[in-house]
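Listed after this line are the structures, all set down as structure tokens.
There are two complexes below, and they share chain A, which is joined by chain B in the first and by chain C in the second.
Showing the complex of A and B:
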């Protein structure tokens, strides 16, 4: 077989899985990641095991990242974007913009000095996995504002403050779009007052807090909350916003997280405000029964969140039996935000000449095969094509890899 | 015996590349088409008599899918590389990946087939739930399947609108349901409103399962066209006057009783795994999941793996799936098959796991405990290098100590234990952690890289699975001078070898007893479960152990 080259755009779980599967067949993969780290959103999620694994899939992302890093057939392009793509004779030529790389991965030994000593928070970003190398990335803004500091801080001499972006053109036989999603921005629902109240957090904030503190604590005081509310479907299934889709992952992540938090703090009082609970895992009836024993379920979505003293929060709670509404106080409210199309989808759609669907995700060309786009040789996988879970995105990535192999005529 | 020199020695073996597919529904047909397209010879076996019986009704799917299915059938029928066996009963399966022997009966004839891999594509069945509702079927009370069948007739639809009939659906009170069931309901509801002005659909429903492609939009379209949904957590009251059902409930929001007397009452159905799954699980020695699907809830199995190499479970054999998910499974299976079977020759490690035939007494302990079904026997135990995942559970269970895993032999591990302990500076508590390479080892390495505080005297011993940790490794560690020992496994349900965590826990429980007898403080031994992304927890547990014994 003649050497084949593939470009995978997006280094989340979908892109990594597709890259790994293709590399297994000797295909050379360019894995293009816009940010400084591989892994997408899911590399930052915490384990949700109680006394047993709840199959959230987070550790699969860790594993995929390890395999991708170790594969000799995958070239990782961090901090890289695709600027232009042209196609001719079944070949695509892609112009990449790379860097600037302020940290030289060859020299950096991940000692973390730049991160620990950084004069401002946010100038140096920290990867979530030990397989992120370098483990740190310095923002262009950080360098600009603190040139002297960064010029001298690294004991290994790995930081070069004058690094500049470069371009590279690669030629590939096919490409996979795995550019992922964007989490819903809760500020689009102003009555939740997310920006105003420290203790109104999103599902993504919850992951970050659990990661940083080893437990779910209140951002306002670092204490474990006694009374927690989850509000489901925030940004999803919302006619007013025109979001006519269920995000599919927020019922699972909310209930799995609630279970794991409750295992850690058995006294915690947890209420779930919901419209409909979606299936979770292979033994949903048993899981749901356990949840009903452990949490209070209220089938109505609160519209407002009001602040109260001690950074507590008040919600309007509807009592079904009585038919009356009353206010109830919580220590922490988690907004179960959903999966929105990546705002770059429009631009990518133009860049590659592939269509978007009514919701702004990449359209599929066959109603039964979600990996085929409107262009030959361009495939799509993961949340770029619509809401999906980690295992769901991985399965789609495997399918996309399979389609690529077929397209390239790679036999056994 | 394995030595470090020949540890990586490979050998070339010839394998069979024919593939057996069990189940000729949409998924099985699709798999046959795709796998044969890759060049492998396919044997497609179906329980049914006639030619490939695709999922009988495709559960209310529209006509264009029927066309697709017909085309698929044609393609499969015309493919010389696909052999169709009707009326099949699978009687036994022996052997290992690349070399399975399947005995089956087809049309009453006994056959023996040699195949390299098996793909299970059994269908789901849709069964009525009227008994749970306590209702008998009649002209007015029908099952979803029957209603779908009726809807396919233009006469029926015409009658619906001309007579301004009302149709009520009951969904989610007898079971939890699924997006696939939801799609059937939503399609039927839409068909009623699209039949023309006049007919009305009422849907009494518990949780609306919209976590599927385009279902939320379909739900809205139905409502926009006039369907009325009552979302209830309890079954509404249903009374049957003469044979006309009346559905009523109390609406707490408007505080009134709402009563509907529908012309037709449609009852939801359960979509359940094929009954044959239980039998197939036994014959193929693959795990049966909690609801009767052929896959356990374990992320290492997703999407299409069973616990045995070379046996794949796809589509509705492993979960309730729609056709596009089934297709996704098919393509994932093709990738795996290509990797497993290749062009019929395969390089395998010569000494992945080695049985000492002198020591083996053919007690078959290993055959029974191997979670991957990798062991068979001639007059002694034999381990298939293709199927073996080198977890080492067998090696630790063998009463004769007849099995060694390359890279993790007893001698090597005991050496490592000794060296690790003597490596610790005097004064620091010596803590030895046996770490599963899939979880705790990763977490431990990350904890070190992230500069979490760790005990100075902590040493990690890599094991392929916690199920490889012998009791005598633990005891040796104490004898060699360890102050604390931790056995660190994957969380139950996340073990790549399914039972490794369970075996490890049993052994540690036994070890506790032994420690008690020898007067060693039990606190010095700890069994822990972790995931690879739990670096902070790893550090915390290790530091606590140090405090406890220090």
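Showing the complex of A and C:
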């Protein structure tokens, strides 16, 4: 077989899975990631296990990340964007903008001094997985504003403040678009006052808090909350915002997270406000039934959150059995935000000449094969094509890899 | 292939909700309810008369026309439109309520609303409290003089009526000139300090719009037309609805 090269755009769970599967067939993969770290959003998600595994898939992200970093057939391009793509004779030529890389991976030993001593928060980012190397990335803005600090902080001399972006052109036989999603911005639902109330958090914030503290705590005081509300469908199934889709992951992540935090803190009083539970998947119906014993389910979506003493939160709750609305106080409110199209989809669609669907995700050219785009040789995987879970994204990425192999004539 | 679908006989009678859907653009999205209950969580009238917006819409969808068109709940609704604002599907519940109000015989609607609307139709003020154009002019001038004298920093303040060519035409809730005339002054002061070129109208100044709350379209149209016509006659560019 003549050597084949593939470009995978996006280093999240879908991109990593596709890259890993292709590499397993001896195909050379360029895995392009815009940020300084592989793993996408999913690498930040926490394990949802109670006394048993709840099959959220979070651990498989770590595994995939380890495999792509170790595979000799995968070339990782961190902090890299695709600037232009041309195609001729079934070959794609992609112009990459790489870096600037302020940290030299050869010299960096991931000691974390730059991160810990950084004069401002956000100038140095750190990855979630130890399989990311370097584990830290410095932003261009951080370097610009604190040149003297960064010039001298690294004991290994791994930081070069004058690093510049470089370009590289690669030639590939096919492309997989796995550019992922954007979490819903809860400020678009202004009555929840997300920006104003410290203890109104998103599902994604919840993941970060659990990861940083080992438990779900209130951002305002670091205490474990006694009474927690989850509000479902925040930003999804919303005609007003033009988001008619169900994000599919929010019911599972909310209920699994609720179970895992309740296992840690059995006294915790948890209420789920919902319109209907997306009760799909092999084990989910049984799991949902079990949840009904542990949480209070209220079939109405609150719209008002008012601040109270001690950063507690007062919700106006509609009680459908009584037909009345009353105020109820919670210590913490989790907004189960959904999956939105990546805001760069428009630009990527133009760059590659592939179509978006009405919702702004990448369109499927064949309704029975969700990995085919409107262009020959360009495939799509994961949440770039619509809401999906970790296992769902992995399955689709595996299918995309299979389609690529067929397209290349490597497999039948 | 499976068997052909069984068609249920009988012609579906048009329900109240179907009629409203025909009137509203996009049918007011009345068919799109996900029953999420955001409307009822946010509605100030939830629980009054054993009703809430979600229940009201569900009952309408189920064709319970008699209940929908007779529940006094529609008169507790303040028409604040919060339900449509918080509704993820942008369902026009306020208009459904409005047409439910309209289905009541006029004389059976709440007395306060009937009387206020009738009063507004009595003279060119369109004031629901029956104040005439002369009364209004007298009160405004009287209060203005009082404040100009008592507060020298506002000695040049104006509260014009029928000023031709003013940029803004303002209406005014009758309650202030009739019972709390001092309450008009803060707005005058703001407009004065901001250097706004504005005017009241001697006709159509009453802004409270009770005929709309009564769901009496003809009367509503006539009071609004009076006010708008006055603004046009004066050559005002912008109509500022203060209500």
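In the analysis below, the second predicted complex is superposed on the first by the 407 of 412 C-alpha atoms of A that agree within 3 Å, B and C clash if a C-alpha of one lies under 4 Å from a C-alpha of the other, contacts with A are read in each partner's own complex, and residues count from 1 in each chain.
One rule holds in what follows: contacts are C-beta pairs under 8 Å (C-beta built on N, C-alpha and C of every residue); 3 or more make two chains touch, one makes a residue touch a chain.
Predicted, not measured: the structure shown is a model, and the values here were computed from it.
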item: Partner chain in contact with A:171 - chain B first, chain C second, else both or neither; value: neither
item: First (chain B), second (chain C), both or neither touched by A:90; value: neither
item: Touched partner set for A:320, first chain B, second chain C, both or neither; value: both
item: Touching partner for A:304 - first (chain B), second (chain C), both, neither; value: second
item: Contacts of A:187 with chain B and chain C, given as first, second, both or neither; value: neither
item: Contacts of A:144 with chain B and chain C, given as first, second, both or neither; value: neither
item: Touched partner set for A:402, first chain B, second chain C, both or neither; value: first
item: First, second, both or neither for A:63, with chain B first and chain C second; value: first
item: Broader residue contact with chain A after superposition on the shared chain, chain B or chain C; value: B
item: Touching partner for A:245 - first (chain B), second (chain C), both, neither; value: first
item: On chain A, the residue positions that both chain B and chain C contact, one per complex; value: 237, 239, 275-276, 299, 320, 322-323
item: Residues on chain A engaged by chain C in the complex (per definition of touch); value: 191, 233, 237-241, 275-276, 299-304, 316-318, 320, 322-325
item: Chain A-facing residues of chain C, complex; value: 29, 32, 34-38, 40-43, 46-47, 50-52, 54-55, 86-90
item: Partner chain A, residues of chain B touching it in the complex; value: 37-39, 68, 175-176, 178-179, 207-217, 220, 231, 233, 252-253, 255, 289-291, 293, 295-299, 302-303, 319, 323-325, 327-329, 331-332, 334-335, 338-339, 341-343, 438-439, 442, 445-446, 449-451, 490-494, 529, 531-537, 540
item: Interface residues, chain A side, partner chain B - complex; value: 21, 24-25, 45-47, 49, 51-55, 57-60, 62-63, 66, 110, 112, 129-130, 135, 211, 214, 237, 239, 244-246, 248, 251, 275-279, 281-286, 288, 299, 320-323, 367-371, 386, 391, 394-396, 398-399, 401-403, 405-406, 411-412
